[in-house]
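Okay, so chain A shows up in both of these, paired with chain B first and chain C after.
Then we have the complex of A and B:
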């Protein structure tokens, strides 16, 4: 711990310490996390899980931890993609902004900011806070965790409206800000809830967001999560998501990545009891020199569990996307069904995709499949459209849009789906003509 | 149910059929590895100076390397100083001039293996360069090949007789420093096969080598180099069985293939080394580096392998598709039973325009076997119009085995089209039921289904090999039905 100052991010800990919530127990947790980082350091490309993603530039950049940064004076009305009639919590550069948030909590639902929850009773959150994690960035989050949300749905609570967590990131000078949001979701027996995590980078922001999200779905609970990552062009986003599913529980995670210089999401799902099921859907749209890396790790620890992974990447410019989907089936976890699909579209000469759908299976009565494709737009389809009088550019955009729509259409909330559709359209060439087409069709 | 389980266990315990050791005096170097041993090997083999220097370079670099640990394998520590790196049958001192001069005991060994050298060679029209331990003892059909201008000889002979060819091509596909085991091989390789097919020649027969590991404690470090010059064609078969013993035996071979413009090389392997007993004791460690360089335009390299033996298999026959329109193919059946472990697959590196590759991998796990497919398909920015199709399927027999798939796909060219498909499932109960209902025993039904599962790969083997492969699979799988 002597050379702490030389380790990226960790140096400022002593200055921030006083601003962080929690008593002695939490402090011990933070120190342990720091010690871990000190021992193991941050991943390099020699680490198999980081083979395709280089964080060395991120580690060299200088950031100011959120609690020390000043609050930007800015007008935030209308920056969001969609306005939902729902309970909404807004964080600006990692700090909770009650004045931007709305409160319409239904019965059976408890929502607290993490700082408040930790101050109240941190040890009650021990299974989440003290969880063993492989990632150095998750440990960094533990050391610096400051703000975030605790969502608890009481047994049997079925929420009509989704929750919306908005993380706005605004430019901060001279140093950009690093934030470590922590989200904990606990769904009691047979509870059902949906939540949206929007990470929006405002123009000019150069911040780094390092999220940790924990989900626990008790017996028969259903949790649906949508992560919309639309960071600014010069921002980095790293997320470690861990879901644990009990008997008959359902977890659905959609991830839409449409912006950010460096985006890395690790999603781990443990299916620990029978008949739990998970679906992980993802859409990546990257351009310029954006780098998006999604690592999925689904662990079937109990019999009769199901999983489905479907990720699609559309890459233009010099963008690079990485997909690593892993399905692990434990010994004696029989009657498993697991599917993985990674479909990728390369639109430019310099774009790159690295995909690796892995299976690790130790039980025999299983049905697993995985598929990966990389390609360009189908000449026959293009010809079909052109033969019907659609010009080449529009035909191309339409097909790209159709490719993306396979994932978008799985999003359950209509207004959100429409907003994501619009966001994706906005990134495509000839957006207007496609809009024209899709409007006519509907 | 109880009787059935007994039967199953009985079958699973079926012992290795080809297990025995032939008692032949060996001229063996003391265990251990140092520069003196390498000098000894080189001297014994009367090698030119460049060869010794090449070996020493490899050895010095090997000292700085670590064993790879990324594979999905559990490997007991290997004591490289406990291995003897040179062993030659006594007969090598006055080399036989014809088959009659070969030690009758050796010939007997081949008989037991079902390789009646003289007969088989004539009947099947196959030239056999049989490698017994480390030094070649018999070569047939040399003349017929020589007529066509094909050079097919042991590696030591090639170093002696064609040093300029060896110096030109050796290590150009698998460099000395390529990986830990390749470096070790480069330092101490004992012998192997050398093939050179000149311009425009279609090799008149299938070339075949039967390996056999014999003397106790002798690691086998084979080195094979096959060169098909412009427009040439050659098909090479490699097959092996080994005697039963308790001690782990290390085998670290290197195979280099070079296909010039319009040339085609077909390399087929049936591997049935001692896999260890049912407790997982003993068995061969098979750490092989195989790589083909499709250097010229329109060249083609095909790897076919049937891997049923060895305690541990670490093997990734690869193709570098450098020439435009070059083709790489990989067909593999890997079977693991008892405590066998296999981590095998391929690498297809697309560099030339319109390069195509096909990967078909069938993994079968039974007992407590662990079977992993590990493959890489890389499309570099220069590989415009590249195409890859990959299929890797796994079949699970029994609830204690494992099947794993680690496919890496790296694409840096938008014109590439890649498809990767994989499935993992257990043997279909419906299919078993259907066959058994028609009076076929469970055992035969399983073999039929497994053979059907592997058909795509067996199809690509030369006929005699396909038959042998099917039999091997049946033997290795006997009763592994649960």
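Then we have the complex of A and C:
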């Protein structure tokens, strides 16, 4: 085993452990996670799944763990841009802020901060906390997990309003902050819930957010998740998401990634019983030298399960994006339908997309499709719009927006869709002149 | 209104227009006919300002301004309209909002106030009725999923709403069945006005049965080699282009 103190992040564990929640069982879990990192280390570009995403600079950077960082309350005055009609939980640099959160929750829904849930009964969460994950960053989260959310919907509970988890990241000096939020969502039989996870980087933030999320959808449950990652230009965000779907369960995940120095999301979905279905939609906007990597891994373990992956990237400057979409179909998992589409728009010569489908099919009665496109703005479309009196910049923005809108329009909740539209428009020039062109406006 | 003088244009290394002359006055309807490869589409693209054409000689004056110096959107705002031979589909961009943006850009250019939503919708509905287009067009993306005939009708609808001064119709009759041709022709005839000129570029004479031109020109190898009145179109229909070519060579 390496000298633990010399491994990135791990060295700070002894300073922080006194601040972390949980009894002996959790401590054992944390130590095991540290040992795993010590043995296997962090991924390098020699690892096939990290070939295009280099974490070496992130590992060299110095961060202060969230429990040790201080953050004057005044700092967050005026941060009020997430006014959705939702039950809301707000975290500032990884620390839960009850004063910014709403507390009236409907019957059948339990929401606890992770710290409270761990203190109460960590072992009840064993299937989630102790889940095997092939990721050093997920292990790092397990070792340091401090704050987060446990959401439990009792059988049959149908949540009218979505839950909104807001993770605000603000500049912290001299050292930026590393946070390890942990989110656990358990939807009982026939329960239905929607939650939004917003990761908003405020200007100047250089923080690192390392999220782990678990979703369990019991028979007939429906879970819809929107992850909105609006990272500041110097921020890093790594997420490891695992969803398990039982019979007839539905999981829909939308990811909207706007910027970030390094963003990497791994989403694994296990369709473990018949007729479970998943839709993974993604939109990536990156500019400058931003880097966004999405790795999807859908595993059809049971017959008659369905999956749909639709990702779109819009890249400008020297930005780089990665899309890796894996679909695994187990032997005897017959009557499967699996679709995958990766469409990419490159707005500059130096932008780069690496898109890779990975299909592993061990059953013979399956319907699978996959397709990838990489292109520039269509000159014929631009000319057509200009020939009708639309100026060149507006025409460009309009076409970029229309490309993005193919994903945005899949977002079911109107107010959330509008918020995402606004966030995307905010990145485009001539936003005001194109707002009226969208289908939504009609 | 439009004066094309000795226009030479090339695409990559190929010279397509080789000394084209044409003068169009307000109120006139011109038909430009010619065999395939004579430069018909190049002419309409050059007039509308599409990239990829190099003007090597000559000039185009429009309302006493240098048309070739203007960006495509400036030309549109000054009243030049091209009805495309192959209108492009633009999913996600609403048909009617494009129309509204175009119209308001033109009005702003002329120093007029924007049309409010209700007046605009009334105007569009009235023109849609003329073009026999149903309400669903209001909701759809630009040409998205339209049939060939619907696309052509949509072009003429745009022309009716935008009320340009110079209308260039590029092979608007191609791919239309007889009923659609009648509807499209109705739209074009409704556009005829004393202060508006129409240039129809066409391979066949059948559109001219419905929209009677004042002048007919034969375009061949990048030049107009013969001009006449509408009887020339009928003669071309009957005898083909060969005799005109031989006559011009003699």
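Note that the second predicted complex is superposed on the first by the 423 of 442 C-alpha atoms of A that agree within 3 Å, B and C clash if a C-alpha of one lies under 4 Å from a C-alpha of the other, contacts with A are read in each partner's own complex, and residues count from 1 in each chain.
Assume contacts are C-beta pairs under 8 Å (C-beta built on N, C-alpha and C of every residue); 3 or more make two chains touch, one makes a residue touch a chain.
For clarity, every value in this text was computed on a predicted model and none was experimentally measured.
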item	value
Combined model on chain A: chain C and chain B, fit or clash	fit
Touched partner set for A:424, first chain B, second chain C, both or neither	neither
Touching partner for A:118 - first (chain B), second (chain C), both, neither	neither
Which of chain B and chain C A:405 touches, first, second, both or neither	second
Which of chain B and chain C A:171 touches, first, second, both or neither	neither
Touching partner for A:258 - first (chain B), second (chain C), both, neither	neither
Touching partner for A:348 - first (chain B), second (chain C), both, neither	first
Which of chain B and chain C A:356 touches, first, second, both or neither	first
Touched partner set for A:385, first chain B, second chain C, both or neither	second
After fitting on chain A: smallest Cα gap, chain B-chain C, Å	15
Chain A partner contacts - residues on chain C that touch it in the complex	48-51, 71-73, 75-77, 81-82, 84, 87-88, 90-94, 96-103, 105-106, 109, 138-139, 141-142, 158, 162
Residue ranges of chain A touching chain B (in the complex, touch as defined)	48, 331-332, 334, 344, 346-376
Residue numbers on chain A that touch chain C, as the complex places them	378-381, 383-392, 394-395, 398-399, 401-403, 405-406, 433, 436-439, 441-442
Residue ranges of chain B in contact with chain A within the complex	70, 72, 379, 381, 394, 396-426
